[in-house]
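Should a chain be cited, it is by its letter among A, B, C, D and E, assigned in written order, with residues numbered from 1 in that chain.
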Amino acid sequence: MAKRIDISGLTAYYGSHKAIEDISMTVEPRSVTAFIGPSGCGKSTFLRTLNRMHEVTPGGRVEGKVLLDDENLYGSNVDPVTVRRTVGMVFQRPNPFPTMSIFDNVAAGLRLNGSYRKSELNDIVEKSLRGANLWNEVKDRLNKPGSGLSGGQQQRLCIARAIAVEPQVLLMDEPCSALDPISTLAIEDLIGELKERFTIVIVTHNMQQAARVSDRTAFFNLAAVGKPGRLIEIDETERIFSNPSVQATEDYISGRFG
Amino acid sequence: MSHATAVQDRPTPPTGPAPKSGLSSRSLPRLAPVGFAAVSIALAVGLGLAAGWHSKVQWGMLAALFFLAISYAVTTAVENKRQAKDRLATSIVWVCFLLAVVPLASLLWTTIARGAERLDGYFLTHSMAGVLGSEASGGVYHAMVGTLQQVGIATVISAPLGLLTAVYLVEYGKGALARAVTFFVDVMTGIPSIVAGLFILSIMLIANLEPSGLMGALALTILMIPVVVRSTEEMLKLVPNELREASLALGIPKWRTILKVVLPTAIGGITTGVMLAIARIAGETAPIILLVFGSQLINTNPFDGAQSSLPFYIYEQYKIGEAASYDRAWAAALVLIAFVMILNLVARGIARWKAPKTGR
Amino acid sequence: MASTTPIDTPPAPPAPPEQAERPRSTGRAGDKIFLALSRGSGILLLAIMASIAVFLTYRAVIAISKNEGNFLTTFDWNPAGNPPVFGIAVLLFGTVVSSIIAMVIAVPVAVGIALFISHYAPRKLAAPIAYVVDLLAAVPSIVYGIWGALVLVPYLEGLNLWLDQFFGWTYIFDKTEVGVARSLFTVGVLLAIMILPIVTSVSREVFLQVPKMNEEAALALGATRWEVIRLSVLPFGRSGIISASMLGLGRALGETMAVATVLSPSFIISLHVLNPGGGTFAQNIAAKFGEADEFGRDALIASGLVLFVLTLLVNGAARLIIARRKEYSGANA
Amino acid sequence: GSDDNTGGGDTPGNSGKTTAASSIDCGKAKGQLRASGSSAQKNAMDLWVKNYMAACSGVEINYNSSSSGEGIVAFNQGTVGFAGSDSALKPEEVAESKKSCKTGQGINLPMVGGPVAIGYHLEGVDKLTLDAPTLAKIFDTKIKKWNDPAIAKLNEGVDLPDKAIQAFHRSEDSGTTQNLGKYLGAAAPKEWKYEAEKKWPAPGGQAASNSSGIAAQVKQVDGAIGYFELSYAKSQGISTVAIDNGGSAPAEATSENASKAIAAAKVVGTGKDLALELDYATKADGAYPLVLVTYEVVCDTGNKPETLDTVKSFLSYAASDDGQKILTEAGYAPIPAEINAKVRETINGLS
Amino acid sequence: MAKRIDISGLTAYYGSHKAIEDISMTVEPRSVTAFIGPSGCGKSTFLRTLNRMHEVTPGGRVEGKVLLDDENLYGSNVDPVTVRRTVGMVFQRPNPFPTMSIFDNVAAGLRLNGSYRKSELNDIVEKSLRGANLWNEVKDRLNKPGSGLSGGQQQRLCIARAIAVEPQVLLMDEPCSALDPISTLAIEDLIGELKERFTIVIVTHNMQQAARVSDRTAFFNLAAVGKPGRLIEIDETERIFSNPSVQATEDYISGRFG
């Protein structure tokens, strides 16, 4: 199930603005890869190129290759919808569907992709909500709108929604930044569980989190303000945190806290 | 309707003098605006009487002006500039509302008062067959049938067509085709109804077709589409991209994203737009004269033979110029308004049921 | 196009079957059908409109080529005369002037009412008011016309005298001819009343869509209600207000029955808007259509074509304004 | 819903005047007949249609009273069985009609006549006499005040106020306007130099749409004067001007007085065409000279087979004694008997 | 300048749903108070009652008293606008004005409160953006829309906007959750600076952050799912983290990490 991702020479633009430049790396299957780096260096942008969400932004353009088990996502006969179903995503800002109830939010991906029996759906929704550590808080109001939840609840709802469709790769953009320690722990446990089957990429600002959950860590940085972001190095998480090969990484991490 | 109305500061009723401190400021009593209004009206009426102006319109406008000036001045003096501006804005909004209410209420009142005289069960169930203009008999049934069918056909054609076009423009549209469509939709918004009628008429002559409800409905379609497209387009543009992204990222195909996420989010506005469009065409006279011919008799087949319609009927009765026909004209106007009202209620019901649930 | 919308890369040809296991239903056929449907609608619209335009232009050219007067500058409409002469100067003037008056009155008031409904009115009151306003959009224009002639005109009489008395010096409000208030000014007022509902309804919907988050941002800065509106609501609703106004303007420009019933037309251009007289395209078409022969109708169609062009120019300008601020669109909120 | 308005219900039609249906010969009439045109003959047409449809069940007649011109255009386009028109076909229109009449051409059948009333509204004045030159000057805005000497001279003993005259004319092209123009042109050629056209020719004055619009304005505005068919004056209670035609006494606008003027009409049409010429300058005693005659336009041969029988049967009734008799009650004037006889003959020969 | 806040018996509702119940505490002037607690326990709700933002939510209702230097915010003569000008706020989700440029976003609050000379405005905007550690990244595109920034940049923009008007109390709802360590550090420094003059309340899920920046910490919790949130205890931060008096606090904190 899990897939390897091979990125080579990837550059992404917003209109004429080059946001990231010439990134090449490999994301191993059945592992967690963490992206770290200062704000604005292009982590989110890069993440969005991995499931072809970047091109959805007006002016968004991508050059380079992303191979998912040897198949180029940007190949000419590849369907972005299939890509996105295979590579799921949780966004930096929680964005539940305002017109849908909590239940429907979680079921959305399933329902809109195929038909399920009611009981099947119930099971999957419950499982996903439990996985996102939200079940207890919402089980009594599954039919209430998702927008009446607290910030952290909304974010967990979005996570539940993403894992409900069982993607093969899961991209998470700061999934825990709005969560309390308990939920964060739950999500991290979930990640640990999911990586047995899936490939996971997570953006985080939290070094400890990166250290705790990831197998490999990639550090991004800007050469200078206004310049595009670049991959500085990627390595085993242990090495990055103990003995990085680039000075910039060391500098960034040594301001370690948070 | 989903009233996501937010900014509802709880007004603070006054009790005694304000304590001296940073937060509570001197503020006008809650009912101050009512006082201002009373003073302004008194002033305006006084001035109007003194100067001998007989039109109540100027009295009203003067009162409105006084009201704005007084509330601004007093608030500036008692509270501060910003509060004054806020109050001025509030006042202007109220004045706008009241200003608009006067003519609109007058119109509705005239229609209801005059229409009610003639409106009864007989009127609703009979046609004008064999009724002379001066006779206080006859009814509107044939015109109701005509309007229902013509507007129905026009809506069935233009609502989906307009909606899909708007979806195309907002969700897919780029490039020459979209620009061309936009261009022509813009042109269409200003098309006089009689010109639309002429276009269909010339087709009718070329194809050797007889006047019928369908022909009228086609002209109404031309008039309805741009309103649907333009208002729907506007509502779709307001749907946050975030939601589209959320859906796309789930691997939901674009069309289902549009159907299940984008359209439901905008459904309230879209419904309003379609209702406005229906309201507009339901009141069209010119194309009916040209294409549906008009009739005094009941014809329930919109595809064959002359029909009538409510606005046509109103125009016809107005032109007769008899007391009895005026009564019929107003009663028919009332029927038409009631018809759109009921439609509107139903549509709002649907929209509310589907609309986004509000919440933080 | 002022759309700020994502677009997928063109749908790729179907992927070879051997590629990876696919999830249950791919839904790609749906995408193609839907795109085809919506693009098809667009194309159909385009075809209809283009054929109308071609038809109008064809007939107009026939008429204009036989016109013995100058189509643009003749102050008369007599295609049945000998020689046939007709010109649009008066109609263009009257249409523009009455629409300007209507817009100047209606747009601010409509935005005011929309704000009233969305942000000021007590919540219990807002829904019924919104409903009544929508209702008014349903009043047929012939009823507006009858009401205008029977109720509005007598009411405006006094206002006219007053404007003449106190604002006569503006030239515009100088009433130099006797006569009932069946003037371009009255027409403007009536059109304003007629387009209020449509402008109000669309603006209101737009204002209700302003994200809560955005209004809260302003509130938390210590903004008064008006300032919240100025900071978040109006900028967010800008393109919506413009579109709403364009819908209203479209109706004002093309309004036939109401204008025909209320105006006392004449082929005179006068900036004294309180004087009876003047004419509009649609009113003139309604007035001349009945007794016109083929050629007379063609001449009227030619005038309709000018109305088209006028509408187009105004809409184009509006689109430009919206497009210029596209990246500041509310959809990015 | 129901098309039956003959009785029952809450407000039954007070159609007591329905004449015996016995004189109506339905012949082979059947199905739907569409007709359109002049609004001047609407009331007459309504009466005829009502009686006719009461007698001949299964026949539907739909007369759309839009305007003469529209009727003619529709007739020439072949969408109606016959058209009603306030003026005879022009040569171009006759030529055009040959297309839809296939073997024949359009002809004019005079069917109804009637007075055009000059209505006025002047507080304190309920009787007013004018003559053609004064009327011409009033409508040409040469006379601007009600107490103008020209008016005073015709109305001795009437206390005329010093008020502005507000003269209203039709804003759209109209047969009534054309007839007023013909009258003024014939009876006051020095004061009224305009061509008699459907379009209002003079520069001044105020306009309103439709006769009902003019009537409403005249009723509303003190100092107003306007022209319309007599029925509008009657139903709105508007005072009408008596016209001094040079005869012994001013003629009131009534259908009898109009008949006297129409009696002097001559047929000027050729062949089966029965277009009339009216003598507007008549000085006959009691003749109200401001009249109009409205026609039905049909094909002499080549009428559409589906509707031919219905047209013949219906028009025969309209031109019959019964059909003409009811016109007076509705404020119209019947067509002189000798012309009417020709009309009936022509109708019989339609094919 | 700085104000003390005395809250007594505060209960807040969403319609009929009681979100927090009977909260009483004192927030000291010239100090930083941190609110911690599991997601959904009502921290944001409580925070919003402190500047009368809660009543803006449809159905939002408040009972109880909030005294700002002895003056009740909910007193009858008090204008909520003045309250909000005095008590500034940064939201959990960044919400820049989408229709404004970066510069205008920061200047928005100032422009409301008075008229400034252009140069004055420039100075304040620059100072605020520097304070929020954003200046370098945006100084070249001050006239571009604020919505084209990365998540972290947007959040810092909102912080700059809030501090530009120099409120006397600053409420921050998880201000750093979307920020990288460098920006977080900058914001924390800023908080340290601001507390010299202002009163600061900060909601955070990050225990380390609470420990680092706050003088006092309040712990909130739910009695059970569906029950309203309550204040469990408030004390010197040191005590809370070393020796809390309630077991629940200890439990929550001892899952310490993140």
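Things worth noting here:
By our rule, a residue touches a chain if its C-beta (ideal position, glycine included) is under 8 Å from a C-beta of that chain, and two chains touch if they have at least 3 such contacts.
These figures come from a predicted structure and were not determined experimentally.
Touch-path distance (fewest steps) from subunit A to subunit B is 1. Summarising the inter-chain contacts, the pair of chains with the most C-beta pairs in contact is B-C.
If each chain is reduced to the centroid of its CA atoms, subunit C and subunit D end up 40 Å from each other. Averaging C-alpha coordinates per chain places the centre of subunit B 13 Å away from that of subunit C.
Distance between subunit A and subunit C, defined via averaged C-alpha coordinates, is recorded as 47 Å. In subunit B, the residues that touch at least two other chains are 3-9, 82-83, 86, 240-241, 244-245, 248, 251, 253-254, 256, 318, 358, 360.
Across the assembly, subunit D contributes 66, 216 as residues in contact with two or more other chains.
Among all residues of subunit C, those that touch two or more other chains are 4-8, 23, 26-28, 31, 150, 211, 215-216, 219, 224, 227, 286, 289, 297, 329-330, 332-333. Those residues of subunit C that touch subunit D in the shared complex are 77-78, 80-81, 149-150, 154, 178-180, 182, 260-261, 263-266, 268, 276, 286-294, 297. Of all residues in subunit E, only 52, 55-58, 68-71, 73, 75-83, 86, 112-113 touch subunit B in the complex they form.
Listed in rising order, the residues of subunit A touching subunit E in the complex are 14, 36-40, 44, 92-94, 136-137, 140, 148-153, 156, 173-174, 176-185, 205-209, 212, 225-226, 252, 255-258.
On subunit B, the positions that touch subunit E within their shared complex are 3-10, 12-15, 18-19, 21-25, 27, 82-83, 86, 358, 360. Against subunit B, the residues of subunit A that register as touching in their complex are 51, 53, 56-57, 80-86, 88-89, 91, 93, 95-99, 101, 108-109, 112-113, 144-145, 147-149, 158, 161-162, 165, 167.
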